[in-house]
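Have a look at this one.
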Amino acid sequence: MKQDDIKNLLEQVRKGEIDTDTAYELLKELPYTDLGHTKVDNHREIRTGYPEVIFCQGKTIEQICQIIQHMNKNETNILATRASKEMYDEVVKIIPQAEFEPLSKIISVKKIQTGKTSTYISIVTAGTSDISVAEEAAITAEFYGNAVKRVFDVGVAGIHRLTDKIDEIRKARVIVVVAGMEGALPSVIGGMVDKPVIAVPTSIGYGANFGGLSALLGMLTSCASGIGVVNIDNGFGAGYLAGMINKL
Amino acid sequence: MKQDDIKNLLEQVRKGEIDTDTAYELLKELPYTDLGHTKVDNHREIRTGYPEVIFCQGKTIEQICQIIQHMNKNETNILATRASKEMYDEVVKIIPQAEFEPLSKIISVKKIQTGKTSTYISIVTAGTSDISVAEEAAITAEFYGNAVKRVFDVGVAGIHRLTDKIDEIRKARVIVVVAGMEGALPSVIGGMVDKPVIAVPTSIGYGANFGGLSALLGMLTSCASGIGVVNIDNGFGAGYLAGMINKL
Amino acid sequence: MKQDDIKNLLEQVRKGEIDTDTAYELLKELPYTDLGHTKVDNHREIRTGYPEVIFCQGKTIEQICQIIQHMNKNETNILATRASKEMYDEVVKIIPQAEFEPLSKIISVKKIQTGKTSTYISIVTAGTSDISVAEEAAITAEFYGNAVKRVFDVGVAGIHRLTDKIDEIRKARVIVVVAGMEGALPSVIGGMVDKPVIAVPTSIGYGANFGGLSALLGMLTSCASGIGVVNIDNGFGAGYLAGMINKL
Amino acid sequence: MKQDDIKNLLEQVRKGEIDTDTAYELLKELPYTDLGHTKVDNHREIRTGYPEVIFCQGKTIEQICQIIQHMNKNETNILATRASKEMYDEVVKIIPQAEFEPLSKIISVKKIQTGKTSTYISIVTAGTSDISVAEEAAITAEFYGNAVKRVFDVGVAGIHRLTDKIDEIRKARVIVVVAGMEGALPSVIGGMVDKPVIAVPTSIGYGANFGGLSALLGMLTSCASGIGVVNIDNGFGAGYLAGMINKL
Amino acid sequence: MKQDDIKNLLEQVRKGEIDTDTAYELLKELPYTDLGHTKVDNHREIRTGYPEVIFCQGKTIEQICQIIQHMNKNETNILATRASKEMYDEVVKIIPQAEFEPLSKIISVKKIQTGKTSTYISIVTAGTSDISVAEEAAITAEFYGNAVKRVFDVGVAGIHRLTDKIDEIRKARVIVVVAGMEGALPSVIGGMVDKPVIAVPTSIGYGANFGGLSALLGMLTSCASGIGVVNIDNGFGAGYLAGMINKL
Amino acid sequence: MKQDDIKNLLEQVRKGEIDTDTAYELLKELPYTDLGHTKVDNHREIRTGYPEVIFCQGKTIEQICQIIQHMNKNETNILATRASKEMYDEVVKIIPQAEFEPLSKIISVKKIQTGKTSTYISIVTAGTSDISVAEEAAITAEFYGNAVKRVFDVGVAGIHRLTDKIDEIRKARVIVVVAGMEGALPSVIGGMVDKPVIAVPTSIGYGANFGGLSALLGMLTSCASGIGVVNIDNGFGAGYLAGMINKL
Amino acid sequence: MKQDDIKNLLEQVRKGEIDTDTAYELLKELPYTDLGHTKVDNHREIRTGYPEVIFCQGKTIEQICQIIQHMNKNETNILATRASKEMYDEVVKIIPQAEFEPLSKIISVKKIQTGKTSTYISIVTAGTSDISVAEEAAITAEFYGNAVKRVFDVGVAGIHRLTDKIDEIRKARVIVVVAGMEGALPSVIGGMVDKPVIAVPTSIGYGANFGGLSALLGMLTSCASGIGVVNIDNGFGAGYLAGMINKL
Amino acid sequence: MKQDDIKNLLEQVRKGEIDTDTAYELLKELPYTDLGHTKVDNHREIRTGYPEVIFCQGKTIEQICQIIQHMNKNETNILATRASKEMYDEVVKIIPQAEFEPLSKIISVKKIQTGKTSTYISIVTAGTSDISVAEEAAITAEFYGNAVKRVFDVGVAGIHRLTDKIDEIRKARVIVVVAGMEGALPSVIGGMVDKPVIAVPTSIGYGANFGGLSALLGMLTSCASGIGVVNIDNGFGAGYLAGMINKL
């Protein structure tokens, strides 16, 4: 049910062509399907332009399979984040074309071909250990049809590595910067570019990084402007937001 | 000195029309002026597209006057945030056309007329007490030539007020949401729109809000997608980032 | 020993029908039985209207079996929370009619049939992963004879799912709202209903949710009124309090 | 506009007695009045059974006067919390019958006489310094027509003071317990009564109480059951929730 | 080497009966034996009246065996806390009379019979799960020759259990109170007795107890007087301090 | 009413010489006097051996005067801590022999002469700025008849100052150690003496001391044994506990 | 009394030229002078090579004057940090040559001319507001005879300002880097130089900087090597440590 | 490519002996080698005097092998910290002369013999459990050619053990002090020596040490001067910084 269908239905109600009880039933079924444990948000694409995404962490394999099976009935692409290999092994039995990318822990099902944007998103990491979070961002952005360029391991302790890549980064339409420890890279990049920066703190580090707190606070208090921060290790959120901005 | 000037200079060096020492001196003076306490970043507009902004908090009135006086020599607009009335009273003696907006605590000097974008930024607050932060965002965005629409006091405890305004919000190109206390409004709006949301936690509240921590953590852990968070009470940062996205 | 028995005993003391030493011994045994490691609170039902509940976490299987065996001597229903399958496997050897509900991790023994209240408690979750906490609340409330209606996965990122269910929620006598991440759902529901809301933050989430802190602070600083908060993941406490209110 | 008015209006729409545009306009004005800085929630009483309350902290005196003046047009009682004497001095110029209670910092305007409930709320404090928070709870509850009995300074360090008052506390329909420092009183009372307990941590104390954190954590982790916690120093929230439960 | 030996040695130096180099060597060896990884504090008993105690957590089994073997050469009792069964299995091979108490995780070797004090220490727990910490306190105190009486599971949620035992507690010379969750028991006992109370917060609980923080803060901010607090789960420290006070 | 009076009364009840209602009234009045805002704990001396102490912070001058005036009717000494000069100025109008010690902020009224113990309490500070907290401890201990010796400014950064005083400290029956910043002094002293140490963290310091947190955590995690910790800046609590131990 | 004096004294004791009591008295007076509230550490220069420094914050003006007056008797330079103008106004009455530097809040008395080192310390700030902390470091280092070069306002948001100054910084023997907000500058400089970096977090910032916590955690978790961190705003500590290293 | 090579290259550009494109390519390859996941910083030795170090934690064994294999091509020593035995088992297959030190978890490859400095670094621990962190510091410092002397288990609870070793410590050029729990040892040593102290907090402890926070805060707020702090458990950082200072 798209936006036009709903408008038509309402018009029919106005004209008396359809009684309110029937209309109610139709509309009631529109927004989501209730699987008991989960209300699959069918309406989400209409509302936000993007289909619902499955956050696998904390769900049972059984629940995930039921959700993914339900979504598979529609002609829609499916994205499931924070999945384990065990989850994928069950999902692929149901949907053979499902793919799993172990670094980013993403299961995806692509039925409809999405084009690539001409502008690209630059996804940058401070270190090697930040790559899995960066890949979650990259694959999410690509899933929604964005072109992505990856620049990994250019942290501030060897800033010439960044200088070397800065032109490529600068030409992106939006930049995702992934960093753990002190999380200083978004500040440095933010001071060098004229594009929005999405900063992703990671939990990489130990001791006084307190599970990513040091990077998170560092990015929030950055002296550079033009930076929006997402949750610690939230590669998906960064890729989603960057994609949204890139496609404006 | 704009991008072209620099390219010309480098070409002259290559051709031997200018010796390296002279070129060095010219370039050395290009990026900033050193006032002793402050290095005014003249180069910033070239690099990031935006002139330097003065963050007044923690600076003496004397320092602010010197910076603003220096910047005033160039044909550039000036923005100074977190200013007090006392600061403004001194600034206006030097630059009579300087303006002060007490709610947002912004001093601005506008010499060059900036146009207005056709698309607009929606700036939304949860409560009445969040308005001063929202105004900092709004005036910053407007300073950079963005059209802004304000929607105030539509917090989640009376969600029908939001529903009533949601269409206007949805039509914006980018949305800034300012909220204190539990900071739930960005989650609700994020789930209703297909536009990037910049979330600004405020320190409004008491007790377990711990100076804005509750709103900050709430926004970072939002179950909605497409949200970037800035520092507590950082209206400037939100307005700047939103403007950057709006003008992409 | 019920309230009347105690009053009779005291009257006998006054009349000299029983000497104080004997009375003391009778009363000394009344309030609890000492198992060495545990003092089973026999008196609790008289005092608070509810028999003691066994919190299994942190106790050894042996201790739990001894407590449950002691309680089983009396004509009372038994509730044991945060139990594991291993604990249940030993308990059921002793008390064959003991039941185990794995989602809520509750062992219960029902000897006396409790009626159902005509009014009901609405138990609502923001997400699928919050269900196990919600079930702990629901089964606790049902154990004490309350009717319960479950509404799962209606979090604020897809608020139309909530709107659809709001009438059913509103008709409850008391509402339990279970949410992790930013914990915004109690604020939204609290602003829509005229019934007490018991808010349960869960540890569902990652990064800046810091083990449930984000949801906890969010619920405590809610801009909506009529909300009482319990500990993170404390489904039992919410179900107990909701039942107490429902039966007023 | 009460619930019946809205039903009538909808019926008129259905019958074609009123066109949808007109109905829309009527309904649009129903839910709130927009004062620019504030959207006064006229609809709140219909939705939650209680008129909007003004939280004064963080608002300017001018804003408060405008809100209170607007609300005064309707035949409704007005409650404004966290007010200062300075705020009251301006309010009373506009509405001479406005009253101010300095201990609780509440401004109230009572136009409609509210009856008193036959059941009462017991409001208990651990210490003398907790009384101002307790009074905020008490006056809020009384404002909504609840009978209240106050029991002050019965903290756990001299538990016989509590024992002496426990019967009066026990006979209440719902109990509000206000305590700072270690916040142990709700646990002790919760173990003695069969009524819901609303626990209010206060910021009273110093050092390791960290602005009320010790009392807050203590109440949330209470070993007693039947306790709901509100924000630090949130007397209003406790009185409101207790009143809501008392009137069920 | 006892206090008198040292005085004699110094006197010999003064009289020239022994040269300073020799005296230095003797004194150098006096205070500790260096095992490379560990400097066993032989001098500790002279200085503080108590022999060194081995804190096993974080040490390798090999290190523990070497330390215990060294100490075993002297005619001294040995106490090793936070030991595992694996550690004990190796220790007992070296010193057959070594004993292990699994609840308290203490290894002890008793060569010299210590008498029992006539006064006793009362060791009280709020719950059953706090017993292992209490046993660490009790066995430590007993190791140093103190009489101990245990009172377990008398937490504030069923305060009559405490009332019943309060006379026994009151007659102790010093009282150790062990409690997790909100840690309210020391406050209640502290208000009832005229003896020093050593409060031990435990990590028992979940959610907002944050690993024992709630109990720790509660005990530190207690409204009762005469309470000293030790580290979370530090049964040893409490038993040691209580024994020191008891033997004054 | 002393312990014997109560026993007599109960005997009279048993013999029927007094009816239960009369006895109840007598006992009801025994434990405290209700001033409305405060329940003065008359019974406290019987129960804990010490009369009630007035904690002035957070109370109004009027409340303090009423409490002190009530206590003054009895033949008892009065101690009021955290008092201001303003409070004293009113108190002294009522009770001319009241004394005020500005460094410790203590008001005291001494009617009954208390002897001095032969053993003494050593009260030690790390720095000069810790003296006001130490004086609160010292004057409290002296108020209860304890001999006190003060040793100030012997912090660990110049440990020879401590070495010089260690004999005097060692001869005390109990030692109070007051330190801010890293709070290391109790560890050092605890390793040198065979007496109980009461450690008082102070809020002296800046930055990472976070209002006394660094000293508090340092003292709680001390590697020395025999240390009990009180709240940050809680000189009163330390003096009270030390006195209690000294008088055992 | 210098090191040689002490050695002579000990030799006299050995030879019997002086009795032990007299020697004890001489040595007892050597290490410090006791002013009651303060033990002035006369011995400190022998032990650590530097005379004692007065930390004024938290001391009364009277105490400071007494300490400074006592120190003035010796032929030594005097340094007093965190002083106010009020403190200086009293000190200068006693010691006319005392100087006050308001930005760094340092009082100094220079009697002995200290040379300047040929190597220098580079003291760098990220922003203008960090200068007062940097000046505390600079003046401290200069007080101890170190050459200092200041580089202010070269924070990472405009990294070209740093690049311009990096050669001067690199040639220092040790570098002090002062930064607030995210505290990223030490990481960037640390990656560019082969000299030890002393990082000083400042409390400059707002919101999620939590009084300097963000900068502190950032510096501690820096991905660059060769960085030692001091307390928030501890310019003195940084200048002292840098001077110590510079003079090695 | 060393510093001279680069200078030569630049001279060639100036003389026109080499065109800018070629020079660019040469310089582009100079600073690092891109392995995809990692940019090995070849330039680091030129810039900071030390070759890049591999931080193994968070990297896959495959990534580590690739990095180490790449670095092995050059005539450089290799240091890899926080390595596991599993990592080493793969590395040694590639580079047979690689060594693994299990206590410090360091893999090293030594191709070029580094001399030993004549001055030494003193590495001191408070306890036995701190040794693994101390060894990381020691082996790092030795790797870079520094002489090291270890002094283990001299914590403040038995300060005579320290006194005995203080002369050896004092003669070092720089001192690393490793301590967990309350972290008091750097303060005590800092007050006794005239050398820079690098303080390393460890996570050794439990309860209120909160993963090393107590030691970290204690060291940052130390009352002694001349102390720089590194991250919790950061033995590498301390050894690196100490070596840098030692070799000045």
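We just call them A, B, C, D, E, F, G and H in the order they show up, numbering each chain from 1.
By our rule, a contact is a pair of C-beta atoms (placed from the backbone, for glycine too) under 8 Å apart; a residue touches a chain by one contact, two chains touch by 3 or more.
Because the structure is predicted, anything quoted here is derived from the model rather than measured.
Undergrad: Chains touching subunit B and subunit C alike, please list them.
TA: A, D
Undergrad: Could you find the chain whose CA centre sits the greatest distance from that of subunit D?
TA: H
Undergrad: Can we say the copies subunit A and subunit G touch using the same residue numbers, with more than half in common, or are the two sides different?
TA: Mostly the same residues form this interface, as more than half of the numbers used are common to both chains.
Undergrad: Farthest chain from subunit B, going by the mean of C-alpha atoms per chain?
TA: It is E whose centre lies farthest from that of subunit B.
Undergrad: Would you kindly tell me how far, in whole Å, the mean C-alpha position of subunit H lies from that of subunit C?
TA: For subunit C versus subunit H, the centre distance works out to 54 Å.
Undergrad: Can you check how far apart subunit E and subunit G are, centre to centre, with Cα atoms defining each centre and the answer in Å?
TA: 41
Undergrad: Indicate the whole-number Å distance between the mean C-alpha point of subunit A and the mean C-alpha point of subunit B.
TA: That gives a centre separation of 26 Å.
Undergrad: Roughly how many whole angstrom separate the Cα centroids of subunit C and subunit G?
TA: 59
Undergrad: Do you know which subunit C residues sit against two or more other chains?
TA: As it turns out, subunit C has residues touching two or more other chains at 47, 127, 158, 191-192, 207-210, 216, 220-221, 225, 231-232.
Undergrad: Using the contact rule from the top, write out all pairs of chains that touch.
TA: A-B, A-C, A-G, A-H, B-C, B-D, B-G, C-D, C-E, D-E, D-F, E-F, E-H, F-G, F-H, G-H
Undergrad: Over in the complex, which subunit B residues touch subunit C? Could you list them?
TA: Touch residues, subunit B against subunit C: 126-127, 155-159, 181-184, 187-188, 190-192, 205, 207-210, 213-225.
Undergrad: So in the complex, which bits of subunit F are touching subunit D?
TA: 28, 31-32, 36-39, 41, 43-44, 47, 52, 57-59, 63, 201, 203, 211-212, 216, 231-234
Undergrad: Mind listing the subunit G positions that touch subunit B in their complex?
TA: The touching residues are 127-129, 131, 152-154, 158, 160-161, 164, 204, 206-210.
Undergrad: Hey, which residues of subunit G end up touching subunit H in the complex?
TA: Interface residues on the subunit G side: 47-50, 53, 173-174, 191-196, 198, 216, 220-221, 225-232, 236-237, 240-241, 244-245, 248.
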